[in-house]
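Two complexes come next, and they have one chain in common, chain A, joined by chain B in the first and chain C in the second.
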Partner chain A sequence: MSKLDIERLKAIVGPNNVKHDPADLYVYGSDSSVHRAAPDAVVRPGETSEVQALLRYANENLIPIIPRGSGSGMCGQVVPIHGGIVLDMKRMNRILEINLADVYCRVEPGVIDDDLNKALKPHGVFYPATPASSRIATIGGEIANNASGVRSVKYGATRESVLAMKVVLANGDLITLGARTRVEATGYQLERLFVGSEGTLGVIVEATLSFVPIPTFRAMGMVLFDSLDDAGDAIGAVMGKGVALSMLELVDSVAIKAVNNAMDLGLPDVEAILLIEADGMVKEAVDHELEAARVLCEKHGGTLTQLSYDPKERAKIFLGRKKLFPALSMYSDSMVSTALADDMAVPYSKMAETASKIHEIAERNGVVMTAYGHCGSGCMHTKILMDTSKKKSWEGARQAVKEIYEYVHSVGGTTSAEHGIGLSKASAFKREKADSIPIMKAVKAAFDPNNILNPGKLFDAPDDWVTATDLRYVASK
Partner chain B sequence: MEFERLKKWEYKLNACIRCGYCYEFCPVYRSTRWETDSPRGKLILLSGLLHGEIEASDETTDKVFSCLYCKQCEGVCSSGIPFTEILSDARADLVDLGIDPTGTISYNESSHCAMCLSCVRACPHEARVLDENRVVIDPTACQSCGICLDVCPSINTRLGKEFDAGPEMLQKQAVEFLSAAEKPAAKAIVFACNWSNVPGLVTSQIDSSMQQPDPEYKVLVTACAGRLPARVILSALEHNAWGVLVNGCPEDECEHHGSREAAKRVAAVQKLLGEVGVNPRRVQYMELSRGDPQTFERKVNEFMDEIRKLGPPFQHGDQP
Partner chain C sequence: MSKLDIERLKAIVGPNNVKHDPADLYVYGSDSSVHRAAPDAVVRPGETSEVQALLRYANENLIPIIPRGSGSGMCGQVVPIHGGIVLDMKRMNRILEINLADVYCRVEPGVIDDDLNKALKPHGVFYPATPASSRIATIGGEIANNASGVRSVKYGATRESVLAMKVVLANGDLITLGARTRVEATGYQLERLFVGSEGTLGVIVEATLSFVPIPTFRAMGMVLFDSLDDAGDAIGAVMGKGVALSMLELVDSVAIKAVNNAMDLGLPDVEAILLIEADGMVKEAVDHELEAARVLCEKHGGTLTQLSYDPKERAKIFLGRKKLFPALSMYSDSMVSTALADDMAVPYSKMAETASKIHEIAERNGVVMTAYGHCGSGCMHTKILMDTSKKKSWEGARQAVKEIYEYVHSVGGTTSAEHGIGLSKASAFKREKADSIPIMKAVKAAFDPNNILNPGKLFDAPDDWVTATDLRYVASK
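Now for the complex of A and B:
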């Protein structure tokens, strides 16, 4: 890598859009993961032509380029492990077109998910692939990670909503992928290749996204179970019968206790809760799906409570799930919630067993873990709660993560459902995808022969996530 | 020991899950759009300072001393981080190290001080004190509320940085909005107190080629309603605003005595308008508790309904 020419960067994007003092570099070396590694400069392009000029410069001088949205990723995707230039894409934040007749919108990568939905709402439509971080997450970041959220059971992940995109390649060329039409069978689906590519193949400068009508009716209820296994069986039964829910969330007993301890929300003291929701344009259709779910859940020992169409009541029911993530960060004054082993996906029939396994592995390794997630999509979330100042905690976490992924892979699950790989899941990813990694490397080399785009991630990330970078925490004891 | 006060917050610094929900609620971040200026960015910096990973350079300390203490970030924090308490302790540690604070801290522009002590009496945080026949500022106590700005008869008090929340910038933004109006429509400015209200969190831009309804009013966030000078309100009217609405906290909730000042100032402007034949109802003051966007929107809509009925200012019939 050549020495950075800061003046050249300023000439491309303007002097007010370049930072290179240690304070800024330190902050832009972090995201929501456990990792940190400082870049050499932070640059904010405002136009596609600026992105092209930056990439031409970086490619000629073999300087790493790390595209960044809001830095809310949990696996270290935007942590510049080899230094280089962080491209803060939040300046490219224009909603370019909302085309109702052709059912698409065009946006720049720095548009915030919630902003897009605010712009779509007056037209009676919404962009559905919304993750929990939608108030801060950028569309570019969501595409790069194939993000999804609580309603993915019905509306799918980001990949289901991406029709086309414009991308700047490592050499500065601008290419268009996909088409604005609902269907396309015109060669390789390269726009799909960029979904989940974590900034390693090119820089997304525009995305064409589909949207769906805002449902007229939406109802939610809470199903209580005295056994986690029963809840797991109910999930399999509901999904197996094709019940069309818009949300099916699992909250286990550890998670229930965490929320009640931290925020006193008064969640029922049971072994497991399933939150079920259905939506649609006709009330009878919503009722039909929820009734089908109720019958199947009751067959497996569940009791449906608090079913409501009222938005305030629904918000109240969902509050426990919504507050779970922050509640975990307030679990105890000696434990910190770390984003590790945070989003595996497993077959529906293995949801309950996975939850039990997570608790068993956590206990064996001296850390605390909970299990919750979008089980209607097979997504199981967890966090590792531990005393981050103790080296022993990190040894326990390393072993727990290893054992969890061994189990997940053994039951046909996958390493990441919606948060991506980055640094902290690279080892598990490499084990899971061992036979296809040579092909992935060849694809990467075709797009980015000099390996300047987010190098050191995915298959090129170090095997040991604990030592891959400095950690954001200091383990001194 | 360096950073002795900050050390006690180590757990909280670790507990921040770095979700970034604080970004859009921070007036400093909204102004610069650099993550280093956000509360999350500052917590990362403090963690770096505490662990010796970065130095207490001019750039770093400038960030630590740049905060308007609106505490909006604390209200939305996923992890319950007491951001301003941590920041205050870090500031005290840095002052102990002998750094010269900059950032948003108030200062006297020149040494020509009449020693009237108006600023000392007005400061709600006891940050301005008389010391050996001169007014000195305690940078660890100053919360950059700006109450001292309008009480100085010599216009000598300043904040180091305003981050788009200073009177000059507000006036400029108001005039730009009012001047851009091509169609005849009710136009108004709503000055919203950052402590009680952070409206309109939309940060993305709608492309100008898309047909969007012409907005009738613009919400401009002032760091504290109490520091909004009358000249800024009058400037909006001079540039054809049909009305100006000033939003402050309820008096018992204001941490800077700003509501009282704002109410007095609006009343004075109303009196002046009445005297020159302009309906005083064109300028109104409303109080609003923190975190109530629905009431904010309702009250703004009520104000706009009233302003539309009044029609353009300085027209025949616009009598008190």
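Now for the complex of A and C:
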């Protein structure tokens, strides 16, 4: 890497959009993961032509470029472990077009998910591939990570909603991928390859997204279980029978306790809760799916409670799940909630076993772990609660992560459901995808021969995910 | 290319599975397109290990390999214009697993689409990304072309149903792509890149597909229009309002006449027919969508007729659409129905204009063209009816194809909706995707550095699609 020419960067994006004082570099050195490493500069482009000029400069001078949205990623995707320029895309936040007749919208990558949905709402439609972090997450970041959320069981992940995009390649070329139509069979579907590529193939400067009608009716209920295994069996039964829910969330006993301790929300003190929701244009259809789910859940020992069509009641039911993430941070004064082994996907029939296994592995390794997630799409989330000042905790966490992904792979699951790989999950990713990593590297080299785009991530990330945590926590050295 | 070692091929797959007599080579020299070019040998592998051995041999000796299903492609995808070995995958036709609890099935690439659905039916589920050619089309061919069909408006194309696959790379390596779960964010989604890659990146030897419940209720009706423009406006209105149909088919007056002439099916003699269908688990929901469609169609001058839930009645309504393809071949004794400009996708709001434009361009160039297709997914189909013995017809067809795709691109449409590119559409494809073709070529080189996999297709196809037609029709030389 050549020495960074700050004046050159200022000439491209204007002096106010280049930051390189220590405070800024510190802030841009972390995301929502345990990792930290400062960039050499932060640049905030406002136009595609600026992105092109920046990439040309970086490519000529072999300077790493790390495209970044809001930094809400949990695996260190935007932590610049090889330094270079963080490309903060949040200034490019215009909604360029909402085309109702042709059922698509065009947005810049810095648009916040909630802002897009606010703009779509008056037209009676919504963008469904929304993660829990939609208040801050950008569309660009969501595409880069193939994000999804509570409604992916019905509406799919980001990959199912992206029709086309414009990207700037490492050499500064601007290209258009995909098409604006529902179906397309026009050569390599490179827009699909970009979904989940974590900023390693190019910089997304525009996305064309589909949207769907806001359902007229939506009802939610809570199903209580005295056994986690029973809840897992119920998930398998509901999904195996093709019950069309719009949400199927698992909350385990650790999570229930965490929420009740922290916020006194009065969640029922049971071993597991399933939140079920259905939506549609016709009440009879919503009733039909929820009734089918109720029958199958009861068959497996569940009790349906608090079923409601009322938006306020629904919000109340969902509040416990929504507050889970902050509640885990408040679990114990001596424990920090870390995004480690934070997500995975497993076949429906292995959901209960996976949750039990997570508890067992946590206990054996001296950390506290919870199991929750969007079970209707096979997605399981965890957090590791640990005393980050203790070497023993880090060693336990490291061993627990290793054991969890070995288990997930052994039952036909995959390393990430919707949070991506970044640094934290690289080791598990490399084990799972060992046979296709040579071709992934060849594809990466085809797009980015000088390896300037988000280097050191995915297949190129260090095996030991603790390496980049030193600045944030006391590491296990 | 080295001289083909037939004995070596026989040693790999057994003597009965290597064909190289002129009759076989003739048969394997064509598909459902206008193109023709004979291979040097046809090899029928029965196991993945045989595919690996064949690719290793071909890669060492720089021999083209053309993976082939049933040859129902319409654009010359499997026509071996550079000779080499056609890999007939139809022997690998086992359904390996139907996993109801985890909502996926695993199949070999030679499984016929209808056979898969026959196997799924007793379990109350179906594979929805089915093209009209499902009686003969293989799953491998459907994936290679991102096939879709009448129900793509609701259920999406092949790309929405493929979860994972095993592929053999050009060097003989066997790799696994994707995951068996509904969501996945584990690095590059190479399985999505393989969908639509037309045999140029590797040979699919296994696919993991999702399926959906067979709906309990399904109703279909016919909406008659005195004006093609009105029918187009109705399509735009129905899709723009988010009416959730499971089918929305356009049949234009040329097609109506063709069907009535050939088969006396008594289709109403109007300017345009829309076939509308909705399905679901609850009758009220199906009624709701069809009523919404009726209101919008009537607003645009349409008249709903023959609405029925009865399977026999529905089959009768659909028969005209179903028989369109053979009917076009019987349109006139002096005219042949050719798959040229055979499909495209355009934004909903341009559907009517596109159909009118097709008629206008056809007339101006002395050929007959019809417009029909799965309008609910933006997909428009045509056939060119012409006297293939006349040079003038070929010249007219060539000019018409050129003008049609220029128009499609000008309104934001794309070159192929679901038939792929192959040879016939390469010229339009190269124009549409000019800015991304360099990177597509780099990706191709990453997968297949010796260019043995289906060479001379997509970006490498000759610009003049007539070049490979000489053996089948009198060409325009």
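Please note the rule applied: the second predicted complex is superposed on the first by the 471 of 477 C-alpha atoms of A that agree within 3 Å, B and C clash if a C-alpha of one lies under 4 Å from a C-alpha of the other, contacts with A are read in each partner's own complex, and residues count from 1 in each chain.
Everything below uses one rule, namely that a contact is a pair of C-beta atoms (placed from the backbone, for glycine too) under 8 Å apart; a residue touches a chain by one contact, two chains touch by 3 or more.
Computed from a predicted model, the values in this text were never measured in an experiment.
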item	value
Simultaneous placement of chain C and chain B on chain A, clash or fit	fit
Vertex chain A, arms to chain B and chain C (CA centres, degrees, nearest 10)	130
First, second, both or neither for A:458, with chain B first and chain C second	second
Touching partner for A:306 - first (chain B), second (chain C), both, neither	neither
Partner chain(s) touched by A:117 [first = chain B, second = chain C, both, neither]	neither
Touching partner for A:450 - first (chain B), second (chain C), both, neither	neither
Touching partner for A:48 - first (chain B), second (chain C), both, neither	neither
Which superposed partner A:346 touches (first chain B, second chain C, both, neither)	second
Touch count on chain A, higher of chain B and chain C	C
Partner chain in contact with A:260 - chain B first, chain C second, else both or neither	neither
Overlay on shared chain A, then closest C-alpha pair between chain B and chain C (Å)	17
Residues of chain A contacting chain B in one complex and chain C in the other	none
In the complex with chain A, residue positions of chain B that touch it	10-11, 14-21, 23-24, 33-36, 41, 44-45, 47-48, 51, 53-55, 57, 59-60, 63, 78-80, 201-207, 209-210
Contact footprint of chain A on chain C as seen in their complex	99-103, 124-125, 145-148, 152-153, 156-157, 159-160, 169, 173-177, 179-190, 192-193, 195-197, 212-213, 236, 239-242, 244, 280-282, 284-285, 288-289, 345-349, 374, 376-379, 412-421, 429, 432-433, 435-436, 438-440, 442-443, 445-447, 458-459
In the complex with chain B, residue positions of chain A that touch it	19, 21-24, 26-28, 30-32, 42, 44, 70-72, 88, 90-91, 93-98, 107, 110-112, 114-116, 118-119, 133, 135-136, 325-326, 329-330, 333-334, 336-337, 339, 388-389, 470, 472-474
